[in-house]
Each structure stands twice: as C-alpha cells, then as structure tokens.
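The structure follows.
Chain nomenclature is as follows: A, B and C, assigned in order of appearance, with residue numbering initiated at 1 for each chain independently.
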C-alpha cells in the first residue's frame, strides 16, 4: 500500500468512528436510568410542564425517530439549546472550546519542554544520581492529582508571590497566555511525568540499538548521533503517546479549569452538571470524543510522516 | 616487513554486569598489515566480536577496555574525541551482522551515506549525491538514483548488506572491520557478498578484519587467521598453515569437527562439553577441560602465545607435540 | 524468591499506613474530626495541630485520618468492579473469538475515544453525584483496560498445551476457563490492578473535589480539599495537607504496582 492510499483509507475510517461516537452518546443519554424531565423539574413538575419539556427535548417520540432526528440535527450543526443559559449549545461551545484548546496546547508544550530534555539527561545518566533525582520528582508527578498541583501553584505563585492571577481569563492574547500559564503547568505536570517515563525508556532502548553503534562507527559528530539517530527514533513513540493522551489531558482540563476558574468547556461541563443542563453535557461529551478521534487521526498522520515503515 | 597498519596488544575487555565482572576479552594481541585480510574465528561468546568493536571504541559504558590499539603510530584508546571521530568511518570503517538493525529505519539510504561524506569529505551537496549514487553502483545496487531515496525496509536482505558496505566505503577507509557480515543472509547471498567484499578490498587496496564463526568463510577469504576461545587468542598464522598444521589443540578440534576435508562453508559441529564461564578468571588454559591432549599443567599454568614456526604462533602447551606430529 | 526492592518496600509501608488509618481512625486521630474548637479557627500547623485547623477549628490531621477509609474504599471498589467485569468479558471474548471478538474490538476502540474523566463525569451527571454512582460510572468506563489485558492473555494461554490436554480430557468449558486459563492469565491483570488503584485514588479525589464523588459530610480527601479551597490564601494548610496525603497514598500504590510488576516479571 502506498502512502496516498493509506492516507485516504485512514481518513475514511473517521466516518464510521464519528457515527459510532454519536450512537454511543445517544444510547448513553437514553439507556441510563432516571427520567431526565422529572429530574429537571423536581417537585415543581406539573403534568403540563412535564409534557412541555418532554416535547421540547423531543422525548415524546419513538426511539428510532429520536435517533434519526438526533443525527439530522448533528449534521445540521444543531446540538440543541442550553436549558440553563437559554442559548444555542453550539454557540456556547464555540465560545468556550478555544479556551480549552489553548490550555491543552500550552500544557502539551510545557510538558514536552520539561520532559524531553530531562528524559535525555536521565537516560544518558541511567541509574546515576541525575537519573534517580529526575525519576523521583516525576514519580511524585504521577501520584499528584491535577487539582492538588493546581492548588499548590495557586498558593505559592498566585496568593503567595502574586506573580500570577488567581484565575480567570484575559482579553488580549498576551493576557490569555498569562492567565492560562499556571493552569497549563498544573495540567502539564503529571502528563510530563508520563512522557518522561516513556521517552526515557525508549531513549535507553534506542541507545542500545545497533544502528546507533553503526552511526558512531561512521565518525559523524556525537551531537548528530544523539539528535538524528537517537532522539528522532525515540520521539516517534512519544508522538503516539501525546496523541493517545489527548483524552486524559482534556479530562484533566475539566479539573484544572474548575480550580482556576478558567471559562473553558471543562468548567462548562461541571457547571452544567449542577444546573442539570443535559443538552450541554450530551453535546460536550460528543464534541470532546470527536476531538479525541481527530487527535488520533492527526497522530497517525504525523507518525506516518516520521516513520516511513508505518504505511507498509 | 613494513610496520603494520593496526597493532593490538594485550587487549582486555571486562563487562560490568549485575552478577559481577565478565572477562570477555583477556589479553589478545595481533596485527593487521596493509592490504591484508585477517580472519578472527571462534564460537559465539569467544570474544571475537567484542574484540572487533573495541578497536574503534564502540563498546558501551559498561565495558572497561585496557591494552593498546596502535593505528599508524597513534593509540586509538588514548585518542581525543575529535581525532577518533576522524578515524572512525574515515580511516577505519565497520560493517555489522544485521543490516536491518544496523541501518537507521527512519532515514533514507542516501542520507545514511551522505552523513559519512559530510563528516569526512569537503564535497558539496550535488557532489555528495553523485558520490552516493556511485557508491551504490560500486556495491552492485542497480538504479542507484531512485534507491538513494528509499528506506532500509524497502531493500531486500542482501541489498541492505550491500548498502551497509557502501556506507562503510564512502570515505575511502584504509581498514574495514567486518563483524559476521554474512551470517544473517541466505547461503546463496552470502557468497555474493563475500565475493563483493573481496573484490572491493583488492580494488580499493584496503585491509580487512573479518570476524566469523564459519571456518569456510575464513578459508575462502582470508590471508591470515586468528583463532579465539573464551576471550583468549589460541593461534595465529596464515590460513594455509593453520588449516593444514594446527598447532593448538582447540584449532585442531575445530577443524576435526568439520564434516569432511574440504567441505567448505559448513557450520561448526560443536566440540563435546560447554565453553567455559568467563565470569571467573581461568588459571590455566581455558580449553583444558574439553581438551583430549590436556597435560596436568594445562589446568594450572596459562600457556603464552609463542611462535613455533615462522609467522605461526600458538598458545598451547601441546604445541610442540602437534608440530612434531605435523612434521612427521 | 527474588528480594523485595527498595521502592516496593516503601510502597507497601505507605499503603500499610493508609490501611491502618482506615481501620482505626479513632485510635490514631488526636481529636474528634468533627469537634469544633472556636478557640483555634484557621490555626496554622503547630505541634498540637500538625495539619492546622479549619474554619470551624476542626483538627485537619484528624479529619485527614478519618477520611482515609473512604479513599481506601474508592481504591478498592473503583478497581475491583471494573476488574471483575473486564476479566469476565476478556475471558469469554478471548475464548470464543469470532463475532464477539469483532464487536469487542469495536467497542474498545469506541470507549477509548472518549476522554476517561469526561465520560465518567457525563455518566455521573446522568445518574447524579455520589459515591455509588461514581463506582457505576467508573465500572462502565474502566472495564475496558482489564478486558484488553485479559483478552490478550487468554489468546496466549488458549494455544498452550495444557489447554489442549484439558480439552482432550473432556473438561467442560467453564472448568477450563475458570480453573485453568484464569489462574494462568490473571497475573498481569493483578499487577495492573494495583497500579490502577493509584489512578482511581487520584480520580476519586478529583471527583470528590468537583463535588461529583463523595458528598459532604462524607469525609474524603478531595472533599476536604474542596472545603479548604475557599481559604487557600488565608489558610492554605486546609487544602495542602490532605493533598500531600493523597500524593503519598498514590505514591504507595504506584510504587507497589511497579515493584510487583518487576517482581513478577510482568511487562507493561
């Protein structure tokens, strides 16, 4: 199979994935016990109000009809209206998603910025003190919940030193970067531990690879051996790891945004739970899963670009 | 006789392992002359590959190397990093056993040749590209122009080994270190590659050290041979001398284990018993426990390498007996 | 028998401390965790109150110790339920293969597309916040990892000679599955289980912090931290001390998991 064919078939795979995700969200919303309408209205639920809301949510029709309407609405880009905020869910998400996107992206950059050089130092000093120190710090990172790291950063750098704002979001790009810095570090911390651990192991494996010895035997500069032969091959696995972890980063963003009062989709999700805003929760679950499947797609393409063996 | 190109003296390599030190190479000395092909033969674990890799200092940090490796008057083991870099690939090139794992899977073959040219020549980009294509042609790879942009996985096993030879020859080295270059290949391909290597060595006026476990390969390709056992050198001499008049009990056992006179290219049939553990120093001759000629002193007194005939050295207490038998 | 490594011993010690706190909080806690002391409101850590006190003067150390029980419960329930479900599914799918295998593959692909925490939160949203619903949600999402491990192991074990022998002897399928394959295939699953406990402690406390897991007055570390969050600039110890304990507990589980993996030679 050549690269073009591989790429097309990989791109086409996204269609059944999207349909399955949509179906799963639909099933999830309807199979779980509990009547949404009664839960929403609580004691105030007069028969008339229940009927009206049932109709509004389209729950009075048969399941297959609901399913069809649901998919048609998705294709038309209509994810319903927010019950709490009385605006279109799509508008709401379009407003909030860039915030979460930027937070996640910053976290990835920070995590890689910490993990890649330190993984290198650790691997090149395997089992000596720099390695042990780095591994212990990151071991702590693996055991630290995101919200706790966030609170620590808040206490030290926002409340204590007053270098950073306690929360919120800015207007200009610079302000946004400034406001999102601490949340991104909190989100990056445990992820960088995962990357560090993985990359250190693959650098160690690559260092023992025959082609690295062969590269040394060729008399090319030590720096080239490290970057062109060791790091490049070791990073291929890391790219996959980042792609596979987009989901857990988005999950972490939910918590981080709540700690730092960042107005992204994660905070929206938690708020929606307490305001019982089911259309928003359903739409966010759908959108985030679609994003993750897109991230998987991008990962595969980047991997193909980095590793010529993939498409064979 | 002019000074040898490479002279190894008293090479010792010790590996640190969790279970203690392993003496992989224990006091090996030999030399390689200009234009000469030296074979190093031994069973797996005899230290022959470690010896080869120790020469351009390719062993990893867990190895402790001592002794001297004199390359045209300079000790490779005492050389600074930059001088060593110029020698590696530039003067002393190496090829390995598994071309699939020795070639970087994610770089095109052309780039893997190109980086040697960048390191050791002053050619510009276009000239390097021409030279790379020429090198592929030299090792018998057709349509070199398109092959340069392909990746190792797009080559067959034999082609990969040819590509690795092309990479090694890029900077016109004077010595080629070949570590079991044909072991991973099909028998028919093995012959092609060996012939190619011999032709290139002759045409380019290189010397070669060829490590193998295959006596047939030695017989076919080498001028001189060094036999190793348990990290020690047993015997060195011309191929004709060693094969016809082995002066070491181990060499004799090796040759006898080959099925029939002149059955070239056959795998070794193991000698009864196990090769010794090399995690403890052996006081006497390492081969003594398996040796049919062993004398009492073989277990306690280590035989030293000595010349019993012109250019024919052995480290065997029974050497004189073997010489007398051969002469009789 | 290989020797226990240093990190494994450290992990077991940390876990032991958590278990002891969970078993006898009343013996260890210096004060009544619910006892108000209006003489010491928001008091910083001292010898008398090593973790300080909260806005009602409650001793934070005592509150943290008394919360260990719920967090240990989370570590157990939020792994054992998904593990049991995943092992059963992996066992049967691996054994029968065919269509079940295909559906299983698709289902796994689908579940991993959803961000774990987002899916758990969505399910909790539908079921309503609370510990029991949290366990249900984690089980619905978390069985996949166990099923994959089990599935892969069963495929290996299925081709083993002892299985062929058991078949020839005419043993029933359930007997082969549960008496022969399961004990041989379970090792990597158990090792993963311990490491997963570290993850669910973090997950459970995160949900508690968000108000979706344990509900006050249930004492849980995440809940304690959520309580303290409002005072983080005046009395940061209310949040930070229980948080440090979460890190230590998580460390205990993950060190133990890594150590066991090494000890039992399970590749991950």
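The rule is simple: a contact is a pair of C-beta atoms (placed from the backbone, for glycine too) under 8 Å apart; a residue touches a chain by one contact, two chains touch by 3 or more.
Quick caveat: nothing in here was measured; it's all calculated off a predicted structure.
Peer 1: Could you tell me the least number of steps, going only between chains that touch, from chain B to chain C?
Peer 2: The fewest steps needed to get from chain B to chain C is 2.
Peer 1: Check A-B against A-C and say which one is joined by more contacting C-beta pairs.
Peer 2: Counting C-beta pairs in contact for A-B and A-C gives the edge to A-C.
Peer 1: Which chain, with its centre taken as the mean C-alpha position, is closest to the global C-alpha centre?
Peer 2: The most central chain here turns out to be A.
Peer 1: Would you kindly say which chain has the C-alpha centre located farthest from the C-alpha centre of chain C?
Peer 2: B
Peer 1: Taking the mean of the CA coordinates per chain, how far is chain B from chain C in Å?
Peer 2: From the centre of chain B to the centre of chain C is 55 Å.
Peer 1: If you average the CA atoms of chain A and of chain B, how many Å lie between those two points?
Peer 2: Chain A and chain B have C-alpha centres separated by 52 Å.
Peer 1: What whole-Å value do you get for the distance between chain A and chain C if each is reduced to the mean of its CA atoms?
Peer 2: From the centre of chain A to the centre of chain C is 22 Å.
Peer 1: Specify, in ascending order, the residues of chain C that touch 2 or more different other chains.
Peer 2: Not one residue of chain C touches more than one other chain, so the list is empty.
Peer 1: What are the residue numbers in chain A that touch two or more other chains?
Peer 2: none
Peer 1: Which residue numbers or ranges of chain B touch two or more of the other chains?
Peer 2: Counting only residues that touch two or more other chains, chain B contributes none.
Peer 1: Quick check on the complex: what are the chain A residues that touch chain B?
Peer 2: Those residues of chain A that touch chain B are 208-211, 213-222, 224, 228-229, 232-233, 236, 306-309, 312.
Peer 1: Using the touch definition from the top, list the residues of chain A that touch chain C in their complex.
Peer 2: 17, 20-21, 24, 28-29, 32-34, 36, 39, 139-140, 142-148, 151-152, 154-155, 159, 166, 246-248, 250-252, 254-255, 258-259, 269-270, 272-274, 278, 281-282, 284-285, 288-289, 292-293, 296
Peer 1: Per the contact definition, I'd like the list of chain C residues that touch chain A in the complex.
Peer 2: Chain C residues touching chain A: 106, 109-110, 112-119, 121-129, 198, 202, 205-206, 209-212, 222, 225, 229, 232-233, 236, 239-240, 243, 246-251, 253-255.
Peer 1: Of all residues in chain B, which touch chain A in the complex?
Peer 2: Answer in residue numbers: 53, 56, 58, 60, 81, 85-90, 93-94, 96, 98, 101-108, 115-116, 118-120, 151, 153, 164, 167, 171, 177.
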